[in-house]
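Here the chain labels run A, B and C in written order, and each chain numbers its own residues starting at 1.
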């Protein structure tokens, strides 16, 4: 299973004063089971990109293939595509509307035409996967705290049983603790549910800790695409696009520049700690 | 989707229309709308068209931008056209089953569609060239005499200006919630009217909640900035008439007189 | 004389059930003491729900204390006569940039405050120009706020407060909804106002990096002030900060972890340069 984008272009508000090329010749392939971070500053095209993947926006030109089928073919079932590629928008708690959390999570499966029982079973397992404690399930979504609301909203998309889950800034507006909790939850969903996950973020540190591949967007194009280590080597390119590499990566470069032989291919706190300790113990031995 | 609605959104420019006093433009719009309902015959039509063309040209707003605003009300235009076309009694020119097209119908439909189009284009010139704040300032000042009979003019104009400021934000938000629910398999299009109305709940409930939250935040922000009603307020841009405005009133009077003459002539023409 | 002084400030929310019976009382503020001198930059840290926003709203008399006292610029906040004076001297910037901009044009929004307090027209123009300049937004004076980025909107909101010529600005999580670029813009603008114009700044945030430039840091948890001191004193207590659900800057955390591994790094490292320096000296 895979998603392939072939030279996708998208133009906003065509033929008006506000015309803007939001995507420019974007080509990329997403394999089954990947955990990808999409990074870019506001307006870089990352939100536009993800809305193409489940067919909410239609490319001005270019093709998108889901599992080998052209999603712009006339008889392609785009409603089904939306259930296969789940999209969690920024501040997803703003879409909650039902009287209880459980009923809200049932909304998606019901729209798929499932029986009440089947929908409830799905809601049950989705709420579990999203890590919302059972005591909140039958409360009004509006009584929940920010972090809990967000879990409820993520469960609402999970209940569609998507094969691919895309999350747009899932940690926006949460406090550090809530941020870490949600990211850990997403990582465990990737492991346990065996889903392909795309995480849109502007925090390099967040993304570097979790994902295996990073796609950097700038001005509607893909600037860099690769493993975090490879991507963060292109410090100047990233800075030119208004992005910073993680603080620890900068630190390693500075240490190396000042004569401490550490690896500069460091992107997380853990790696940084190991690299520094390694350098110190090598010196002691040598 | 919804964000494409550009009708009535302020378009920054430095045209002469942008610089006119909002009170002039308010009265001007009134005169223009009246003229639309008075005009008869080719001469009147020419006068109104000329007037509209001049307004658009003076506003320096690209025509394409204005016409795009019409798309949003395309359905209303088509419906009005159809009603007039098929439901006007008279001599049938052609008929399809129970529907008859009459000469009068054709005329009426044409007139109504043109009138509506002109009405929307003309009144959007007002909002395209006037910032919401100036517009409500104009209204507030023009309607001030009503204050004496207990109409809360300042409050009404404040409500209007805030509404205008938040319409684009709420439109964008509607767009976003709609997409989020579509991603959860919602269907806003198929089914009968009742089903459709029901399908709106996942859109409307979050939208209302958001609007209330914003209203709450905004009220607090206004209070924090010492807002305490209209009393004792000063203005950054107090309304003052200048020479331009005098000329504009004159031209307006001329235009109105012209329309009256057209109406009078066409009536006389018919009588004789 | 302190510009702001709170003594044993308590704020209780009464929760009622559907019939209006009292269900419980929630102390959002529970005996808070706070002292801010004129010209200081004070950061108040705390996770969501720690009471920091409730405290902010007291400084602007948007809320009133249930118990205790709070003076702002020598005026008692419990005295209704001073409400408007206090709001004039302690301006407030909120979290959501969209929900605090009232007018459809940048300069008209900045003028909203001065208009409310009856500043004459010529003076309003002066103030609008000065305030927009002080946050680097003068070039956008005729723009619609809807077309601005989040960081720019927040700077307009700050200008709107500056135009009332306050002694103090209270910013309630001004960067929570912004991207890194916007956060930088807002923090730089706030820092400059503090340094160059001597404006007292009270920055409420849950991002610790933002507190690094402060003169004094307060940490709140469960409606109480649980830590206070200079940033370095506060940030050296990594484990304690984590127990209050705060996150410590990556570099400070790394220094802390390396210390635990036995490297002799000083406590309270705040910046990359400091850590690099410390490691080089050890090597």
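Here is the rule we go by: a contact is a pair of C-beta atoms (placed from the backbone, for glycine too) under 8 Å apart; a residue touches a chain by one contact, two chains touch by 3 or more.
Note that the coordinates shown come from a computational prediction; the quantities given were computed from them, not determined experimentally.
J.: If we look at chain B and chain C, which chains touch each of them?
T.: A
J.: Once you count every C-beta pair in contact for both, which comes out on top, A-B or A-C?
T.: Higher C-beta contact count between the two pairs: A-C.
J.: When the centre of a chain is set as the mean of its C-alpha atoms, what distance in Å lies between chain A and chain B?
T.: Spacing between the chain centres: roughly 42 Å.
J.: Express in whole angstrom the distance between the two chain centres, defined as the mean CA positions of chain A and chain C.
T.: Using C-alpha averages as centres, the distance is 30 Å.
J.: Quick check on the complex: what are the chain A residues that touch chain B?
T.: Residues 13, 15-17, 51, 54, 56, 79, 82-83, 86-87, 89, 92, 94-97, 107-108, 111-112, 142, 156-157, 160.
J.: If we count contacts the way the header does, which residues on chain C are in touch with chain B in the complex?
T.: By the definition above, chain C touches chain B via 57, 60, 62, 84, 87-88, 91-92, 94, 96, 98-105, 107-108, 111-121, 124-125, 128, 142-146, 160-161, 164.
J.: For the complex, which residues does chain B have touching chain C?
T.: 10, 12, 131-133, 161-162, 164-165, 168-169, 213-214, 217-218, 220-228, 232-238
J.: For the complex, give me every residue of chain B touching chain A.
T.: Touching chain A: residues 3-4, 6, 11, 62, 64-65, 68, 173, 176-177, 179-187, 201-202, 205-206, 209-210 of chain B.
J.: Residues of chain A touching chain C in their complex?
T.: Result: residues 41-43, 145-147, 172-180, 202-203, 205, 242-244, 246-248, 250-251, 254-255, 258-260, 269, 272-273, 276-277, 279-280, 283 of chain A touch chain C.
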